[in-house]
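Before anything else, here is the set of structures, which you'll find just below.
Note that subunit A is present in both complexes that follow, paired respectively with subunit B and with subunit C.
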Partner chain A sequence: MTTARSQTGTGENLAETFSEYVPSVEARDIVSIKPRYGLLIGGEEREPLQGGAFATIEPSSGDHLAEISEGTQADVDEAVAAARGAFEAGWRDLAPRVRAKYIFRLARLIQDRARELAVLESIDGGKPIRESRDIDIPLSAAHFFYHAGWADKLEYAVPGMRTAPLGVMGQIIPWNFPVLMAAWKMAPALACGNTVVLKPAETTSLTALLLGEIVQEADLPPGVVNIVTGAGETGAALAAHPGVDKVAFTGSTAVGKKIARQVAGTGRRLTLELGGKGAHVVFDDAALDQAIEGIVDAIFFNQGHVCCAGSRLLVQEGIADHLLGRLKQRMELLRVGDPLDKNTDVGAINSHAQLQRITEFVEGAESEGCAIHQSGAPLPERGFWFRPTLVTGLGGSERIAREEVFGPVLTVQTFRTEAEAVAKANATRYGLSAGVWTEKGSRILWMTQRLKAGVVWANTFNQFDAASPFGGVRESGFGREGGRQGLEEYLQLEPAAK
Partner chain B sequence: MSERVEVRKTYKLFIGGGFPRSESGRTLAVKGPDGKLLAHVAKASRKDLREAVRAARGAQSAWSDRAPYNRGQILYRLGEVMEGRRAQLIAELEDVGVPRAAAEADLDDAVDAAVYWAGFADKLDQIVGAVNPVAGPFLNLSNAIPLGVCGLSCPDEGGATGLVGLIAPAIMAGNSAVGIAGGQAALVMSTLGEIVATSDVPAGVVNLLTGDHGQLLPWLADHADVDLIDVSGAPPEMGEDLERRAAENLKRVVRTHGAQDVRTANAFCEIKTVWHPARI
Partner chain C sequence: MATLAGAPGALTIERPDGQPVHVGPVDAFALETRAKRLASRSVKRESKRAGLLLATTCIDLTTLEGGDTPGKVRALCARATRPDPDDLTVPPVAAVCVYPALVAVAREALQGTSVRVASVAGSFPAGQASIDERLHEIRAAVADGADEIDIVLNRNALLAGRLEVVRDEVAASKEACGHAHLKTILETGELGSYEMIRRASFIAMAAGSDMIKTSTGKLPSAATPPVALCMAEAIRDFEQQTGEAVGLKLAGGIRRSKQALGYLAIIAETLGTRWLTPERFRLGASSLLNDIVLQLRFQTTGRYGRPGDLPVD
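And then the complex of A and B:
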């Protein structure tokens, strides 16, 4: 398959550089992985009631890491009951300042064990240690720290409104940012006085379970945070559970729609943070060096396993050839390999299933007549890997131009005018993120107003912050996470007495 | 012989700024409490609904491009024109059996709702938006953006307030609207079209269908080019089915009941966050 594809040969010098390369590998001994993990229910680690388990593997080697408990309906029942008990037994009535202190503790403990979390995240999920160490874990701590401070200031969260917690939150998270997504969901839920049942993704349970250990270290009252591991069925049982007052889901649009149907008619609250097909628009006056770094960050960050990835590059026609040439050179410098190597840019694809999906997308594009370009990066022999990939020659109706690949694959199209850029950018059912590069201020404002997306990055990409609301429009879902707006999703609002 | 013969009004739909009858040729026979026929009000069909959504989509982006100040003035104008038509609307409610005092109070509330939301338009961003203090050298702004096309199931028993209470906040936020009401509200719904048409609201921003919720709402919930439905006026037993249908394109389903507070404003907008570096 790869033989027919173009690859930029930047010469033997580069090959030499790679062959002389000395890796700088983060030590694994900071983590200890148990052979088997239970569920966290009511403040105790418990075996699942029906005893099932599944293996979690290391995507960079395919090696077996541990056995994870498969939670079933009965376990979800127990976890929801524990969360309800903790809610009614005092978490909701706790003095807000006391609640805040517990959440500040969580933030500090995450900072204390940051390196351990980062290494485990990279082992279990395959992402480069540079990203887990510098982005995922510090941002997770920041989410707890930010939301802790809200716990005793909720009367300022929504003007004119009295607030109350909702109850038990059923939270289902994906495998691309395991700890960070847990933090995005748990921190505001706890700050608002709710209790939590968390269902981590099947392939990345280990760091969520370590977060569970941290919750125990922080001495949170038993049952305030419960963790039920498992696959799709476990998540479905949680989403459909009548004892859950709100479902918060991050994942694919298809599963999001299924959950929306499950929740229909129940009166339970729902927020969905789903897929995307982010347009990344580069004008001919853009600061090109920065734009190229931005394009690389937008699509190759976390192997492209990012719902808000800038996966559709739209380049103004006049600079297209030049920009693509520069981009191809830059792609040659991306190191693909050991997630624990501090110099790795692109880590392992999270699972064999995901690797297959990405491969099918690219093969499909090739059979639909698109040109495929891949970097020449050497790949490790074991594990799941995919080279940074460019897809050109698109009409726009190809599957790869319309559907979310969730991998390191960038499609490229051109445009002439601002209006054409907006039309092409918005020609999708999604609406999570978009990006625009231009040195002209009025054009930035004009574009950002018209791009249909919940988050728009101008002259930057893939920036996240606890204070900044994140979420989609259209089929990328609804609700916001982060910022004052994200809090509202975890609160019951009633008009303040006049 | 010399007594004047009254010129009766034909009660029609309001779509894209025009007043068509239903393409189906069907009407609702609206009767007074004594059983006397008052009017054959056009009964909207599925096709009328689709035409209304198309008109709403066509008008939406230009409407949301208007300055909030301008949208606010147009909503205020709507209140002014409604105040001028007060006697007619009260009479149309009395005709269908609403006691006079209740009809008068309803018109007070309906005009007040238009004025409330008129004054909200240029505060929306300041109330629900923010400049976010992110931990890095960036300007980070969160602003309210409209959803797009909103389908509004207005309560049949809610008088003029039930209609304006949903339509005004929807268009305040820059959405376009397709309103549906029948029963006791059929006459005032039809007349409201004339009020909207003379209030500088651009054609297509508000579309009003008189008809049957049970018949129209499933199509509205299914429609792939509708971004939100407010089911405040839907029969409660339809709720689950409508929500399930709406999941197909993840259209938002809300029940604002016309509450005049920030929850309703939130329901009709979403938050867009824009980042830009602030270092050189």
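And then the complex of A and C:
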């Protein structure tokens, strides 16, 4: 008996040592970060004409990574001119199969350099390497592969219509999925025969610039892809540029509205993929463990920096206590820390400004009388971190219940009936995503017909595929990215001659 | 006893004492996603060493071949008590698992060691014999000195919907075991869906099994990460309802250390570290042990050994 007990004791120690998972850190020596980066214009790396630069930092440490060029109006002018030149000098008239060849080459190069892209994405953006390695980069390559396939089949994309490219695309992307958003924008634009001026977000320029390097390695004709880094003003100069035939913007609703006003009446095309406040509806017959996985993936994926995050949990009243108890247990398993640790589940908040914004939201909720529950995860001393957070006791009118937090913060409300669930889910100015968890198929169909959102997931959440169109309704924007529908946003359509 | 009402998840099973347990649904997609993620936890250095030692203490070192002989079983027992002849700090495995005819041999070979004797019984692996024959085999194995009995669940009755028969047979087997521990093999590869695996888990637990086990190892489809996760979740839910902690044994196709570490991660993050003991967790395997020994040697020496250098049975 003594032997048995001491054996058990050893076993417990082994179990603890095992389940701590000592750090397993992805080596960062695969990436080389230059001290300073220029702009990619006309196939060359150039200094900005007026010479400004800003620092990009590593969110998990606050350390300085590199100096990024601040593009101004003059640089945007040059980039748009280069894109126009490349468009007219041949990209638009290139045999579609040759265009496809270039895009396939980009896809393969992204795969070849996947580890480098993933590590750099995690260093510069703060997201866990597991996500950048398993989701961001493979999906980015998939978007190029998918659209390469379309390049010589556009006549079948929109039946009965003749298609032509639009011209120069001004594409402004956010900091939450830097490579993936660049892929979502560039791949269809190029496949349809357009040329591109891309403006990455100021906190996450490095991987877009690496993508620029890949574009050069793929030997794309100069000027087909141009990258102008900078902050809001650079983006505004691009969005307002008269030489841009279409503006594609992913980012905040506030900026999106500003761009919409700028573009209005100019005849230039516009697609906006903006904020969200996705409702995640869990019925009492749902498979509970799997629903909890869905809830966790919906709000804690990429630290909640996801426009389509399921940030509002609506749970049927009868199972609310049980489900929240389980969810809290599950949240304790989330490992918050070094983005390059392969076992990290929740990485660093992208910037100090975003951390402040999230903190203000949660403090505001507390002062409005909400109950705040946070996981007990230990946080690193340096860098920007926020614990996975649950907000309960909401009435629905609180700021945190209505506005996009863009952080690992989930609000919880209950409902009694399907109709009430739909009413509460739709009580938002946004309409990007929603989720439903139930074992009953007919209820899934009933709900999806009524939820006002561009994407509705059933018994899963945050699934993406290059063939599946993504986009919002209401203040979450308009236009679709991905799939056949996404192509239409990059094409001039005319009825085909009989 | 078992009533099917409404949604598939609404199944309730009555325990022999009349207490109902509620099964609840499981959904394949998120289950598989979660299992894959857990099984790919990156386990290095001290954590890996601890995991490998822990896995060793949880192994049911198994031989279930028609050609098993006393000599082979004795060699297996030697390996079970001393997995690495060159490193006595590697602990013995939990048990040796054999056919009933060889229980007495194993019992004798393991006398005075901490390694337990486990026997399959009850018309392993198909279970297609009368209940009387199956109970007789259990009693005989226990009489020969088996500490643990691995029976197979009656899939014939389960898949035909005769859940009561399944439950009552497991309860009778438990009674036939006497002091011996009962592990009930679900043979998940024959059950067709995670719902059925969850249902079978609950029936086996409700009927009094000390452990539930994935597979006989006689089918190509055996233990997989989602199956392990599905059963671990069932065990956790059963404990929540009844307060009783049932063990989990994974068997079939587990040959590599990395697989074993993946399964430990599934258990640790679903049932907690209190389940990572030989009392509540087992890995049924034969070739796994030598792979673990090689991995442990690599941890110590930094060099990969040759599999051929290790004893076989």
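To be clear about the criterion, the second predicted complex is superposed on the first by the 477 of 498 C-alpha atoms of A that agree within 3 Å, B and C clash if a C-alpha of one lies under 4 Å from a C-alpha of the other, contacts with A are read in each partner's own complex, and residues count from 1 in each chain.
Here is the rule we go by: a contact is a pair of C-beta atoms (placed from the backbone, for glycine too) under 8 Å apart; a residue touches a chain by one contact, two chains touch by 3 or more.
Note that this is a predicted model, so its numbers are computed, not measured.
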Which of subunit B and subunit C A:Leu272 touches, first, second, both or neither: first
Partner chain in contact with A:Leu288 - subunit B first, subunit C second, else both or neither: second
Which of subunit B and subunit C A:Ala240 touches, first, second, both or neither: neither
Contacts of A:Ser24 with subunit B and subunit C, given as first, second, both or neither: second
Contacts of A:Asn459 with subunit B and subunit C, given as first, second, both or neither: both
First, second, both or neither for A:Leu94, with subunit B first and subunit C second: neither
Touching partner for A:Leu333 - first (subunit B), second (subunit C), both, neither: second
Doubly contacted subunit A residues - partners subunit C and subunit B: 459-460
For the subunit A and subunit C complex, residues of the former touching the latter: 3-4, 7-8, 10-24, 130, 285-291, 293-294, 297, 333, 342-343, 439-440, 459-460
Subunit A - residues contacting subunit B, complex: 142, 158-161, 253, 256-257, 260-261, 263-265, 272, 274, 429, 444, 448, 453-460, 463, 465-471, 473-475, 477-478, 480, 483-485, 488, 493, 495
Interface residues, subunit C side, partner subunit A - complex: 7-10, 24-27, 29-31, 33-34, 37, 41-47, 49-51, 53-54, 57, 91, 114, 233, 261, 264-265, 268-269, 273-274, 276-279
Of subunit B, residues touching subunit A in the complex: 127-128, 130, 132-136, 138, 140, 142, 145, 147, 227, 239-241, 243-244, 246-250, 252, 261-263, 266, 270-277
